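If you scroll down you'll find the structure; I have some questions about it.
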Amino acid sequence: MHPILKTMQTAPVPAPAVQVRIVSKLYGSFAALKRVSCTFAAGGFHVLLGPNGAGKSTLLRVIAGLITPSSGIVHLLGGDPLQRRDRIAYMSHAPMLYDELSAMENLRYFSRLQHPGANCDCTGSPEMALRAVGLDPTLTRPVSQFSQGMRQRVSMARALVGDPELLLLDEPFSNMDAAGARELVQLLLDFRTWPLAGAGGRTVIITTHQYELVSDVADSVVEMRAGSIVIPQAAAA
Amino acid sequence: MIYLRTVWLHLRKDLRLEWRSRDAIAGMLFFTLLVTVVFAMAFDPTGFPTLARQMSGGLLWVGLLFAATTALNISWERERRNQVLDAHRMSASPASALFLGKALANLIFVSVIELALAPVFAVFYNLHPLGEVRWLLLILPLGTWAIVVNGTFFAALGLNSRNRELMLPAALFPISIPALLGVVQATTGVITGDFEPQLWIRMLLGFDVIFTTACILLFPTVLHAE
Amino acid sequence: MKRLFFILCAFSVALLGFGFYEAVFVAPVEATMGPVYRIFYWHVPINISAEVFPYVNMVASIAFLYFRRTRVALAEKLDALAIATAEVTVLYVGLGLATGMLWGRPVWGIWWAWDARLTSFLMLFLLYVSYLLVRRFSAGSQSAVVAAVLSVFAGIDVPIVFMSIRWWRTQHPAPVLTGEGSLDPSMWPAFLINMAAWFVWGVVLVWGRYAVVRREQVATEQIALQALEV
Amino acid sequence: MIYLRTVWLHLRKDLRLEWRSRDAIAGMLFFTLLVTVVFAMAFDPTGFPTLARQMSGGLLWVGLLFAATTALNISWERERRNQVLDAHRMSASPASALFLGKALANLIFVSVIELALAPVFAVFYNLHPLGEVRWLLLILPLGTWAIVVNGTFFAALGLNSRNRELMLPAALFPISIPALLGVVQATTGVITGDFEPQLWIRMLLGFDVIFTTACILLFPTVLHAE
Amino acid sequence: MHPILKTMQTAPVPAPAVQVRIVSKLYGSFAALKRVSCTFAAGGFHVLLGPNGAGKSTLLRVIAGLITPSSGIVHLLGGDPLQRRDRIAYMSHAPMLYDELSAMENLRYFSRLQHPGANCDCTGSPEMALRAVGLDPTLTRPVSQFSQGMRQRVSMARALVGDPELLLLDEPFSNMDAAGARELVQLLLDFRTWPLAGAGGRTVIITTHQYELVSDVADSVVEMRAGSIVIPQAAAA
């Protein structure tokens, strides 16, 4: 590689964490995403807004690699989403937890799963993650007996425990009490500054209907409507 | 090594879930007892000992097939609930480890059933095997694995509604038939003493190897098929 | 109450012992079967008792269903009674099956036959095992209701067991206690004593279990009250 | 009238749901086909026509019982998903209408399976019934209803419990044994021509009436048991 | 009855729609509700607040008759909750819809179920209900393919379509977009004034974590914490 190009790459200019290029998603004849293009800078706190049915969740799932787009490409942390699974975490509407296990058991399982090679000393982190989201790690009740908001907190902890570089959150605050939601926004801000091996820094993309919670802290806002991005308006993509 | 550790992680999780929905063992035991009784009721084996001997291989395996089907459905339904499956699809660890872990867990469950079933079966059917009983030590695990590995795989196929058409009997049916046939024939051979089961055992072994390989290779595709 | 319980307990043990003596040493040997027939003195009393407790269970369950919303305290007692009788039923039916099989092996040459009596009796056993399983499987306050419903269905089986040897030709012997060809007079004392002994012992067991279950219920209430104070 | 209309409402809903997904029918078809073929192969019914005749009644009904179990679990699972059951518990319409609607829907599903299976069965087992075949027109619906009405009820019993899938057979099988016995005997009577099935049919009828009444009366209690 | 008493009863002073008297709910030794007493006036718009795990959902389910309290009594529209099923509607966290049916099919089914005797001319109302919550009644997609917010709207329509006298809503706005949520608050206010055969008027009880949405319109606010009501403070109940 040419030495100049090399210098440019290692320069601390943040490369985009996610690049979505002319992505469409069709369900039958219904277009949930219509030629969506956007870029999310690494290390940023990005907010995805839009009315119900706009396609926010669909876009997030496309980025996570859970949905294959009908056309278009997604670049993630400089590569294919499927190759970057160990560095991203996704939290959806559904809690993605085993009902019969306690919160700690769930977290321990998922953290081991995300880092199969890790030694056992990493098991301290599920407790930390639970404390971080405001839950008591000593609760032995199975999560099926948690209240809706408590389950959502565990789900958030599940996303954090894998120590991801890119965090995709689909309406993480929807069932949380107001004080809790504010604390979790703070947590997410802190999260971005956790030490990280790679360059670039940690990135957060969240969708929410409570914009007032994140309006002060958002680095960028993307607004969708009926499957298209309306803000920022596409220049000439 | 890491791969094996992941398999063990999944296996332990499945065992723990099963254990949590406590009394599972008691429930299974009772369940198999019932299956035996229902079959016996329907056929009156003490009345027709020869017929009973001829039928019992088939009865045993159809009963186990039924028990296994139930266990398999339960075990995947758990992953589907709350969309945990999405978490697996997102995870960096190999998909086939999930499959193997689950198949092993199901193997353990069904084996426990078999151990409990054997004496009850013998008493209620008034059975005295006429062939070499020690072959059963080979036939039972091989046959169980054949049922379980295919069952786990095909139950997973049905997980996404998009794939459900694939799970239609037309697809699943011809695939499981040879294994079931082999194991039933081998068992009948042992019980009646009419013929040697070796040929069928060899066939079963081949079947197990081929299908385990195929399932492990294809499972990632199934899991990630949108 | 407690006194009465222990008196009854001692009485039943004494009766059991006396019944054993009568059956083994006093009663005459039967003509065709020889000494094996003496199992009769346990088999029949146990089995007749095993058909009584399910009915107590069913009546208690129906009453429980009726009172469970209106008279909670009474309903709890009925539920305790249902648990106690169900457990004793499982025990008695299990013993009945065991004595029957032990008898059948020398007399018929097989442990088991699928005739109407044996099958319907096995069903009774299975029904009450499933009753106990259901109680453990289902969650919280709901388990009592579900179990009570099941008990009603189990109760339907009892008359079938009773009538099976009258309705169908079975491997199992036809009635000997009633009708012609009945029991030799010399066999009655031993039979009646055993009958009384096993029945009273069953009552004692039910009573004991009932007391234990009641105590557990009260303890749970206590814990609940504490939880509310915190 | 209003009651009947509500029953029809539930029935139509269940039929429509099944039509949309075809879960239950596909699963049942697979299972019963498998049972039929496995037995046919394990046992060579064309070689022993008398024995085949003797056991085919039992086989048919045990296969159907297992198949129905699967269908029943699926049909209640639908109500549980998204907690629709809470909506039913809140609704003002009589709970027993829900029960009847579902039982009728299941009756239809299992009957479809029977219709599909009948020719397969006759061919594989090379059956020429020696008794009066027209009795079957009475025996099949009565036996199916006996299985289905109890099954629907007991599947509902387990709705809120931990291992639901095991609870259904645990409670259902002991209860349906008399019905199963009756229907198997009646069918065998027709197929072998050895004895008249009337006695068994009468017993079946009694069973159906008693259990349908008991289920309808007790279902509201079960549904509203927290 | 004494004539004066009689006059007092028929006077238009609204009788309470819901009376909760010293209700407790225990799960094992954990008390989800601790001796809760409160009254919700008929015709009011009542808001239930509290942090995650406070017991709001449990209280709502007790009022709906879905949970039998361990002790205490609930009076509803002057009687037993179980006798008033045709006059109340409840919407929970879960959508309570059949995944495979379309929105219209779901609504038609549930409205028939609630009013088994009604003639077919009432079938206009499912469409109205769907329009009222901002959905298109001609959509034939099964609800499993709806977005989270759309499903919640259908669920709301399901609650409204039974024409209830008492409406219990558990976090109805949690996944709705901000504009939609405001419209739905307006809809609920309108709902209270719909003509009604009985006296008293329609009552709404909702739980939410977005108090700002309903702060202007709430007739009364009940705040819970750890299974007890903290506002309004119990006098000497």
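Assorted remarks:
Going by the order they are written in, the chains are A, B, C, D and E; count residues from 1 in each one.
As a convention for this text, a contact is a pair of C-beta atoms (placed from the backbone, for glycine too) under 8 Å apart; a residue touches a chain by one contact, two chains touch by 3 or more.
The structure presented is a predicted model; accordingly, all values stated were derived computationally and were not measured.
The chains touching chain D as well as chain E are C.
In the CA-based superposition of chain B onto chain D, the rotation angle is 175 degrees, rounded to steps of 5. Between chain A and chain C, the centres computed from C-alpha atoms are 61 Å apart.
A separation of 24 Å divides the Cα centre of chain B from that of chain D.
Our note on geometry: chain A versus chain E, Cα centroid distance of 34 Å, whole angstroms.
With centres taken as mean Cα positions, chain E sits 47 Å from chain B. Contact of a single residue of chain C with at least two other chains is seen at positions 119, 126, 130, 133, 137, 140-141. Residue positions of chain D with contacts to 2 or more other chains are 21, 162-163, 166-167, 170, 173-174, 177, 181, 226. Along chain E, residues 27, 30, 68 each make contact with two or more other chains. Under the contact rule defined at the top, the touching pairs of chains are A-B, A-E, B-C, B-D, C-D, C-E, D-E.
Listed in rising order, the residues of chain B touching chain C in the complex are 22-23, 26-27, 30, 33-34, 37, 40-41, 44-47, 123-124, 126.
Residues of chain E touching chain C in their complex: 24, 26-27, 29-31, 34-35, 68, 70. For chain C in complex with chain E, the residues that touch the partner chain are 140-141, 223-224, 226-228, 230. Only residues 65, 119-120, 123, 126-127, 130, 133-134, 137-143, 145-146, 149-150, 152-153, 156-157, 160 of chain C touch chain D when the two sit together in their complex. Note for the complex: chain D touches chain E at residues 2-3, 5-6, 9, 13, 16-17, 20-21, 78, 81-84, 86-93, 97, 224, 226.
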